[in-house]
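Okay, so chain A shows up in both of these, paired with chain B first and chain C after.
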Partner chain A sequence: MTSPTEGPGDIGAEWLRTAGPDSDVVMSSRVRLARNLAGFPFLPKASREDRRQILDIARRNVLDAALAKQVMWVDLADSPTLERQVLVERHLISRQHAKGDEPRAVAVSSPDERLAIMVNEEDHMRIQVMRSGLALSEAFDHIDSVDDSIESRLEYAFSPRFGFLTACPTNVGTGIRVSVMLHLPGLKLAGEIDKVRRAAKGMSLAVRGFYGEGSDAVGDIYQISNQTTLGRTERQVLDDFERQIIPKVIEYERHARRTLIQMRRTLVEDRTHRALGALRSARLLAADEALQLLSLVRLGLMLNLFSSDGPELADVSRLMLLTQPAHLQKAIGRTLDQAQRRIARADLVRAEIDRGRR
Partner chain B sequence: MKCDHCDNEATVHEVTVEKGKKLEKHLCEHCAQEQGLAVKSHTSINALLTKYVMSSASSQQEAVRVCCEGCGMDYAEFRQHGLLGCPECYSSFEEQIGPLLERAHEGGTHHIGKTPRRSGGSVDRQHMLAGLRRQLSEAVAAEHYERAAELRDAMRSMGHEQDAGDDDGGVGRARARSEDDA
Partner chain C sequence: MTSPTEGPGDIGAEWLRTAGPDSDVVMSSRVRLARNLAGFPFLPKASREDRRQILDIARRNVLDAALAKQVMWVDLADSPTLERQVLVERHLISRQHAKGDEPRAVAVSSPDERLAIMVNEEDHMRIQVMRSGLALSEAFDHIDSVDDSIESRLEYAFSPRFGFLTACPTNVGTGIRVSVMLHLPGLKLAGEIDKVRRAAKGMSLAVRGFYGEGSDAVGDIYQISNQTTLGRTERQVLDDFERQIIPKVIEYERHARRTLIQMRRTLVEDRTHRALGALRSARLLAADEALQLLSLVRLGLMLNLFSSDGPELADVSRLMLLTQPAHLQKAIGRTLDQAQRRIARADLVRAEIDRGRR
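So, the complex of A and B:
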């Protein structure tokens, strides 16, 4: 197995590349499809032997299908806890998938990590494609062809009435889950984050925060995803995002940023410069604190508030991931307790934040 | 911080401000999923199950004894966990979960999306068109014009201009779009 993490200098994670359309607000776009093999029970009723067979079938066919230049297969039951946690932080597997010792795996396209297929999570297969910025159509076209290619090799559980059959009835039908990760520090600073909820209201979309190590909402990062999978086509679900909700949210956030600059420039300058100062000089940093500070610096960069004194956006984005607990320990090369992590995290941030300027 | 409902670490947090009051929820991944932590319009399967069971208690009593031949799961077990046991469960419990799905999916009762190529023969297509037609008439009867327009779009994309009702279909669609843009 190749390691999914490179050194601190290189980062594969597509969702943190901060490139692509509208990436000042939209960090990443993701599409996921839930699929189950015909002829096997769903996982709640699957024996260990069933799971092993499903895993074998999936491995053979996913690897044979040549879905990317290079596909890395990770048997999670044999992986150390830290490796699994790294995959969670990279958004390649769910928290749930990281737990337990039942036969299960993830296949990841390498090195771009755009494609990930979880095997034996809640469904036999959960295929996911991720893109930087707002690129849902591209993500969907990609996942659609991956799905076709897998389906040409094995038989999915499907019914004409209910569509693709899933363990949980909330996913049945298309089995599609579209989600967009948004950076909304402007709305947060302006106290208008509720606008997002209102925009999503009546559309059966879920709005969630994205959370670090501790318990509080951090980083001003939000995720919006669909809830309805039956009775609508994949394109209709995508349309809700691309034509309605996301353009609205982008406009709200940009408007909030503009207004903040016009009306409360000093406040925004103060917050963003303080955040940068803290990152450059802190000796102890908690994961949540680091993410929140990085979020403010990202805002400062988007608003051109640092002139020539600012860090590179790529370094800020990279640190959003590298300051997460598992990545940090992997970079250091050993497990650390929470107190040790705070020291190591502050050291790492001081060493890396101005890497691109040197 | 602990989950509001169990001893697990809370990983999902939601703060809602309603009428000046701040409501906080701190849940573990599992409980958050159960609660379907989301905007209000979405109701989780478990919440739906509870409501549905309360509103039609007698028929559910019988349903509890229905057992899936594919995997041996009974309806009570599904109600407990919210997860089905095998693909056959969908036909075994079709009568029970039909109304449930309709609520969970905003009125959606039939699949109208992608079909596997392997089974993409004319029979499945006919099924899907039948389902579409039924949902369309339901949507029109309930005056859900936006949804009706979506269903017409879906029929059109399957190459059934005729079924989509060419005369009023275009108008209905244009209307829905302009309302959205307003």
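So, the complex of A and C:
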């Protein structure tokens, strides 16, 4: 698992491409399915030998499937910490999946990283498909074909009454979770982010920060996902999200941006230009601050506030990932403690932020 | 009183020239004498007619004295608020002297602004001489000759027992106050500014911020002055200051800067470069923040941290004055409310900070 993180030039990550529908607000769409193999206990009750067998079955069927050529298999128990952390930062495995020494793996489509299948995380398999922008239907079609292809080769734990069986009851049924990663700097600057939180809560949606559960919304990046899957079809869950909920949030954010530009243009110019100035001049930079500054610069680019002296969006997006601790250390080529990372991060940002302009 | 503030190019102010001994730490040295005319009540008891007569006598004798040619007379009761505020910002009159409608004036040597004589402030006359850097003896020689010249033309209120008589008992005796304006960003960054405050307190010295009594030490600029004048000669007061007290503070500051550069170089580089980045990119800038950022850039210049991409010291010093509210409005050419000033200040700084490099 080195190719997608080799150099700063090629980062692959689908969710940072800033392409696809509504990508001014929606960074990425994600669909994930929880699947378990029939004939094996759920993981909380599984022995180490069970896990090993599950891993073998998954590997054979995932790699032998039609998808074989583009998928690379990463045995996590054998991977160095830094490599596992890189996968977390790329949103290809969960934080939880990066920890421990149980037999577990992830299969990732390369180089696009749109598909990732975690094996032995909370369920035997967690299949995820990601797309830039608001493209849940497209993501669902993709994951559905992957799911079918795997299901044709092995037997899932399934109950005619409940649907797909999962380790955690909240996933029983379709086993689907859809989530959308949104960039909401306008609502944040306008002090209206609670509007989204309230609306989401009213619809049983979870609103989280950049790196999933418990993480703060650093960089004004929020994930909104559904909470329940039982009793509704995948398409119903998806339609709610793609046609009603997310378009409403997108409109909130666009309205906030328009209002800011009309009513408080100088304030937005000040914040975005200062953020760019800080990125170009800092000699010490923490990961969270970097992300927050890059977020403001991204907003400035979306609102055309920089005229000719701004950086390119691709450089800003790439740095959102490269300034994360593990990516930073990969880019530098050695492990660094926190104090060293702050220096290296600032140096990297200064070297890369205007790369596209030179 | 327009010539010294006409354009951003020529600001005259002696205390911002960054010249003279120890000007890496000492911005300016100031000596001031409190003098009253014999035969008139002190100002708290003086009638409007008394004040008018005092003003006439002072004007005639100050302007007729040998210094006549270089001195300009500003009748403050007739001056617009903005002009008076400009004089405060140039440290030529006190805040108190800028207020009210009593007959009062200031005589200022032009264009060097080294000499200023406030008439009808707290005493009938307050004579002040300022010099760049640590140059109290030189300032004293100058003020002494001015004092002699004035005294040869009129009679001061003087008691053989107490010395010069003044409205406030703390000034009785020599009537002298010496003060030094220090730039102490090193001690501030190192968190050691209390060291100076404690030492000063132990020696009955006052430590104040940039704009005298009650003002905070914005921009890491501190004024240290003596508190008592009774029972000691001018030379004793002066010698204490110039040979013992201030050299100690200068050494504290230089030690703090050296230690920062040796032990925490990246931190200082970060703060100074970020400050410069903020000045170059802000679209909204409050006066205090501008001064604080300029202070850090001044430190960066003193420590040679900017290599070739730094601004020139002269531009930084000039902006320390030009970003003050009244100077800003003079530079723009019209009165502005606070919100407008923040925009205009940011625009001015961006236009002027790299003036010398172009």
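In this section, the second predicted complex is superposed on the first by the 344 of 358 C-alpha atoms of A that agree within 3 Å, B and C clash if a C-alpha of one lies under 4 Å from a C-alpha of the other, contacts with A are read in each partner's own complex, and residues count from 1 in each chain.
FYI, a residue touches a chain if its C-beta (ideal position, glycine included) is under 8 Å from a C-beta of that chain, and two chains touch if they have at least 3 such contacts.
Because the structure is a prediction, the values reported are computed rather than measured.
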Next item on the list: Please indicate which partner A:276 is in contact with in the superposed arrangement: first for chain B, second for chain C, both, or neither.
Entry: second
Margin query: Quick check for you: in the superposed arrangement, does A:151 touch first (chain B), second (chain C), both or neither?
Written below: first
Margin query: After the superposition on A, what does A:42 contact: first (chain B), second (chain C), both or neither?
Written below: first
Next item on the list: Identify the partner contact of A:286: answer first if only chain B is touched, second if only chain C is, both if each is, neither if none is.
Entry: neither
Check: A:266 contacts which: chain B (first), chain C (second), both, neither?
Finding: second
Notebook entry, point to check: Does chain B (first) or chain C (second) touch A:190, or do both, or does neither?
Noted result: neither
Note to self: Of the two partners chain B and chain C, which one touches more residues belonging to chain A?
What the structure shows: B
Next item on the list: Once the structures are superposed on A, label A:321 by its partner contacts, choosing first (chain B), second (chain C), both or neither.
Entry: neither
Check: Does chain B (first) or chain C (second) touch A:165, or do both, or does neither?
Finding: first
Item checked: chain A positions touched by chain B in one structure and by chain C in the second -> none
Notebook entry, point to check: If you look only at chain C, which of its residues touch chain A in the complex?
Noted result: 266-267, 269-270, 273-274, 276-278, 280-284, 343, 346
Check: Any idea which chain B residues touch chain A in the complex?
Finding: 1, 9-17, 26, 29-30, 36-42, 44-45, 70-73, 81-87, 89-91, 94, 97, 100-101, 104-119, 123-124, 127-128, 131, 135, 150, 153-154, 157, 180
Checklist line | chain A residues touching chain B - in the complex, by the definition given at the top | finding: 36, 38, 40-42, 44-45, 95-96, 122, 144, 147-148, 151-152, 155-165, 167-170, 172-174, 176, 194, 197, 200-209, 211, 214-217, 227-236, 243-244
